[in-house]
Amino acid sequence: MPDLGPVLLSLQLAAVTTVLLLVLALPLAWWLATTRSVFKPVAEAVTALPLVLPPTVIGFYLLIALNPQAPIGAFWVSMTGDTLTFSFAGLVVGSIVYSLPFMVQPLQSAFENVGKGPVEAAAMLRASKLDAFCNVVLPQSMRGLITACVLTFAHTIGEFGVVLMIGGNIPERTRVVSIAIFEHVEEQSYAEAHWLSAGMLVFAFLVLIAVYVLNRSWRVRTG
Amino acid sequence: MSGPANSLTLSLLLERGDFRLRLDETIALDGVTAVFGRSGSGKTSLLRAIAGLDRPAQGRIVFGDDVWFDTDTRQSMKPHRRGAGYLFQDARLFGHLSVAGNLAFADKRSGHQGDAIAFEDVVAATGLSDLLSRNIGGLSGGERQRVALARTLLARPRLLLLDEPLTGLDRAAKREIMPYLRDVPARFGIPALFVSHDIEEVTALANRILVLDGGRVAAHGALGDVLQTLDLGPLLADGTTGSLIEATVTGHDAALGVTQLDLAGTPLSLPLDERLETGRTVRLFVDASDVALATARPEGISIRNILPGQIKAIEKNASRPYADIVVTIGKGQLRARITRASLAELALTEGMEVFALVKTMSFAD
Amino acid sequence: HDGRPSGDALIAVATNFREAAMRLEADFEAESGYEISLAAGATGQLYAQIQNGAPYDVMLSADRRRPQMLVEDGLAGADSLFTYATGKLVLWSADEALLSCVSGEAVLRSGAFRRLAIANPHLAPYGTAAMEVLTGLGLSDALAGKLVRGQTVGQAFAMVSSGNAELGLVALSQTVQLADNAGGSFWQVPSDLYSPIRQDAVLLERASSNEAARAFLAYLRSEKGRATIAQFGYETD
Amino acid sequence: MSGPANSLTLSLLLERGDFRLRLDETIALDGVTAVFGRSGSGKTSLLRAIAGLDRPAQGRIVFGDDVWFDTDTRQSMKPHRRGAGYLFQDARLFGHLSVAGNLAFADKRSGHQGDAIAFEDVVAATGLSDLLSRNIGGLSGGERQRVALARTLLARPRLLLLDEPLTGLDRAAKREIMPYLRDVPARFGIPALFVSHDIEEVTALANRILVLDGGRVAAHGALGDVLQTLDLGPLLADGTTGSLIEATVTGHDAALGVTQLDLAGTPLSLPLDERLETGRTVRLFVDASDVALATARPEGISIRNILPGQIKAIEKNASRPYADIVVTIGKGQLRARITRASLAELALTEGMEVFALVKTMSFAD
Amino acid sequence: MPDLGPVLLSLQLAAVTTVLLLVLALPLAWWLATTRSVFKPVAEAVTALPLVLPPTVIGFYLLIALNPQAPIGAFWVSMTGDTLTFSFAGLVVGSIVYSLPFMVQPLQSAFENVGKGPVEAAAMLRASKLDAFCNVVLPQSMRGLITACVLTFAHTIGEFGVVLMIGGNIPERTRVVSIAIFEHVEEQSYAEAHWLSAGMLVFAFLVLIAVYVLNRSWRVRTG
């Protein structure tokens, strides 16, 4: 059995990132789904950028933006005494940027699929926009919401390039599972690589099966 | 009565693609106003603008003392604050909730205002008791629309916007809901705009009628006046026209299953409706096609409602095979549509005394 | 050959030697007319790639062990093995002042820094050497929390040069190329603190008849080649 | 006529949640068979099973010589090979195509069979000429359904499955399409199943009727027979019943706008329909409520269709305010619904000679 | 200006991958969207695996499967004379695996959104399943199809971990843009890293803006 530290660290990173991103993405996705602003395509493009950009571009810019000499990095150092690069907090920042579209896009699609029909109906039943969002749109978007969270969680677990560049490979701090596997392979410690990879494979498969079985029954219930 | 404090002022211009809806009307806020017109005439567009779901390009919408919309002052009250209850053509039920959940959604947010509309009454009237625990997915078309109707009523609206609520219902269901729809505005003082392209529905439910044609108002006024003066036939390619007459309830004969009325001294009988108290004045809608005329009182005939009157006007048109005869009966008028062949044979002239035979008529409110 | 689009020989080079290899490449190509190309990586990484079928013709390692292992695996010819350079480890800071008056050892012992970058000891011989130094100084535990590791010595160096780590234990050759522009300050680690970093070159079996590869190896051993290598702070035999 | 080679055999059990549709009928494959019943009675479920869109749990569907479905032999013909044209309750237009594109989609795949149904005729009959280049998005409800109807016709189906095709249309549009719907089966020999809960639509369009109630067949047969024998009233909570009588066209009077007919020696006149050739036998639907009875021939009355006959049966029921009187007229029968008060007053008895007065009637085919 | 070789290589890789994946994914996504098989959740989970797995796990397994000693790798060598690992062909294989869900999932969603209504309507107009798929479902799924292709293309452009493991860093063969940026940072060629990163950023932004503007107008046209 290999060291499970990287696995736990990855799970922790993915969980924190998913929660923070959900909070950020709900209003953003709702705005994108309903706005008629001419800036919508621009906002959509910016949101989708992390999908298209190589992780090394993101990693490079983060390395520049978060380093202790740069304003953000310096501010963080003055606040916490720790640097953002080579720290868990830095990885969270990187993951939020990196996984943003994985949260926003499924939510936006789900909201768009709900459409304005139910929102209008809710307004006619004296529900405010927020009320309608929470009690009509969100419940009707459950599938998209679950998908968004799972994708975000999973994509963060799988994150490699950004972490490689801004993480510094510190055990129990930034040495996430993808980095550990990479190292094992490069070191030709194939036994350890096999253990970790097989573990990830089984974990991933089980998580996904759970989601899809859930989605199936969920879908049947709502017709 | 229809002072600004108790009326809905609609002065607006709305554009949807090539279509323009232009309106400058004040609608009295009591009873039911039918919004009548053929498909594509702008009925739905008008209701959406009133509800706040679409914004007119220009204009004002004032409900009683509340300005709901005004392009001049850039006011636009949020749709959910207007308190309009909208029954959509396509039900729009919430698929994630059960039937009961859909009803509770409205019920909760209405604050049960006055509790004048009881949850149980609505459920019973819309025949939903057995469906309450059902999911929306498995409902048939008719079932869906009954749920939507109940849900809208439970939102206890200040103004009902009914967009063809009876379309898609079978007659049984329509009959079940019709009396409820008819009673709601009066019982709870909720005025309603009722979109329909069915003149029978309109006459059964509305006091007033606003006729739209190609985005313009073709007529607006009391139902009786409009039906009397406007031949809706050519406008609607519908052929239906009729009259409203007033009569007084004189009693009920449960054995024979009739309600007896008096119309300017002539006794009338209609299918029994014991809810009508004796002495009450009711309006009757008589389809012009259901009225026959006779020059002498016919004897030994099963038609029991035979009203003596005098011909006021004869409207004929060479392009149509019928003529409309307006007959003065007491203080009211009755429109009879007879063939031109009969007109010639009976040699009817204005001022002539005739008997109007009415086999079918219905209570209009 | 192999459908490779250009370059008559593909040279796998340990990252510490990349800059030197690029200079050598330019000189060699001008002189010989052969075309070569370079693929850089950590020594261990390059070795694993060769194991898995990477089409390299020559490996310029940062140690003697990996080329030897390739020979034992039958992937390289024993007769082509030779040491082309011996590298030196330095403690480097992008800050010009930091290591200019104080000895590096004192700075390391003081622990007055947040991050010390090194290369991955498992993959990069310079990382192995760095760990030897820290262990030798008895600081490996004390500084464990401050260590950040790059996959190659190149990445370790980048961590320092980008300002994200104050210090790095890197190759002297990497600081030499900076001398004129970026500057910074460094402390040359005494050679008794780590085993000599003898860097071997080897011709891979697949390239046994590759003239360009052979010629390039010969050029490395030539007077001119060795002079170039020395310019980058390496010792040559 | 309705041998197995020319009939649709439906022997099936279908389950949808709690609902079960059970059927064992053979439907003659000529003309229009109405599938009639209230909301939720299983009309749509039946049509979907025939079209192959849903699979019955068990049973056989045989169209002429083709086995469309058989659980015993595990056969199930693909829906698109059955050649059934389905008009859905919800239009289902293709949003990525224009109106013309939707029509062309069907037209192309039908192979223009025989070209008996011309593209232009369909477009004209459904009033789509001006809409051809429009996008589906901006169409009103009525417009959408007209496009769907035209599209289904252009697929040149072997069997038409019409699921409430007139619901959502205003009367003008209905009138426009009705004759076309009525003519299609006869003109092109395409049999149709026509789902409706409107008895008027049914009588205007169908020859036969299959009445569903709660997933079971309540009646099935020729329209006249079923309407004559089955009081649809209680079943449908609809109150409508009527009769079909046959008459011969004797001529047209364009000046008076009437078509003249002969019914067992009595002249009748109906609104002009010049497409009916002289000598042709037509069926007329007469709503029982539109028939009055008289003991002596009335004179000087605008009702021109006065048919002498003999009372065959009197059906009355203490719980209902009316009685149904079946009058034999020539070889046919006419059902009159009169109030029990009139029945008493006129002292009608079986075998008595009476005059039936019919103000409104319509051509049933 | 930096060497444009890696950029061209990345574009080429993304283009080849997108085309091959589209061919593979159309039937798969359609099957997933319409099947009622109990294996559907399993198939969905397998398809989604590359989303959840770290690229290094994928890279590791590919390295094991494709190396010249393994059956597939040996077969490839015997057919082409070249190895699959550390070659363009190997990167294409890796990218197809890596980007699979980015093609399949938007297509599946799009097909599900179209729903069975239009397919049933088409069947009643004598269209076979395939006909309905090509002439009704696909046109109505244009937005999803474009999204799928763009996501796949973009995600492949951004690929780093898998390439690093099975491609290495061989000029004009496997040195894609994400690897080049990583290397430039390592070499302190910040100017080059900046050039490439900025180029990628502008390119990505323009591509995305184009897609979203297109989507916008496309959406308006279909109501």
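Order as written gives the chain letters A, B, C, D and E; numbering starts at 1 within each chain.
Criterion: a residue touches a chain if its C-beta (ideal position, glycine included) is under 8 Å from a C-beta of that chain, and two chains touch if they have at least 3 such contacts.
To keep track of the chains, here are their UniProt names: A, E = Molybdenum transport system permease; B, D = Molybdenum ABC transporter ATP-binding protein.
Quantities reported herein were computed from a predicted structural model and do not represent experimental measurements.
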Length of the shortest touching-chain route, chain A through to chain C: 1
Farthest chain relative to chain D (centres taken as mean CA coordinates): C
Separation of mean Cα positions, chain E and chain D [Å, integer]: 55
Distance between chain centroids, defined by C-alpha means - chain A, chain D (Å): 59
Approximate Å spacing (C-alpha centroids) for the pair chain C, chain D: 91
Where chain D touches two or more other chains at once, by residue number: 138
Interface hub residues of chain A, defined as touching at least two other chains: 63, 164, 182, 185
Residue list for chain C, restricted to those that touch at least two other chains: 51, 150, 162
Touching pairs among all chains present in the structure: A-B, A-C, A-E, B-D, C-E, D-E
Footprint of chain A on chain B - complex, ascending: 51-53, 78-80, 83-86, 88, 90, 92-97, 105-106, 109-110, 135-138, 151-152, 155, 157, 161
Chain A to chain B touching residues, read off their complex: 117-118, 120-129, 131-132, 135-136, 139-140, 142, 221-223
Contact footprint of chain A on chain E as seen in their complex: 40-42, 44-46, 48-49, 51-57, 59-61, 63, 109, 113, 151, 154-155, 157-161, 164-165, 177-179, 181-182, 185, 193, 196-197, 200-201, 204-205, 207-209, 211-213, 215-216
List of chain E residues in touch with chain C within their complex: 63, 67-68, 73, 80-87, 166, 168-173, 175, 183, 185-188, 190
Of chain B, residues touching chain D in the complex: 16-17, 38-40, 44, 89, 138, 140-143, 164, 167-173, 175-176, 197-199, 236-240, 253, 256-258, 269, 271-272, 289-290, 292-296, 298-304, 320-322, 336, 338-346, 357, 359-360
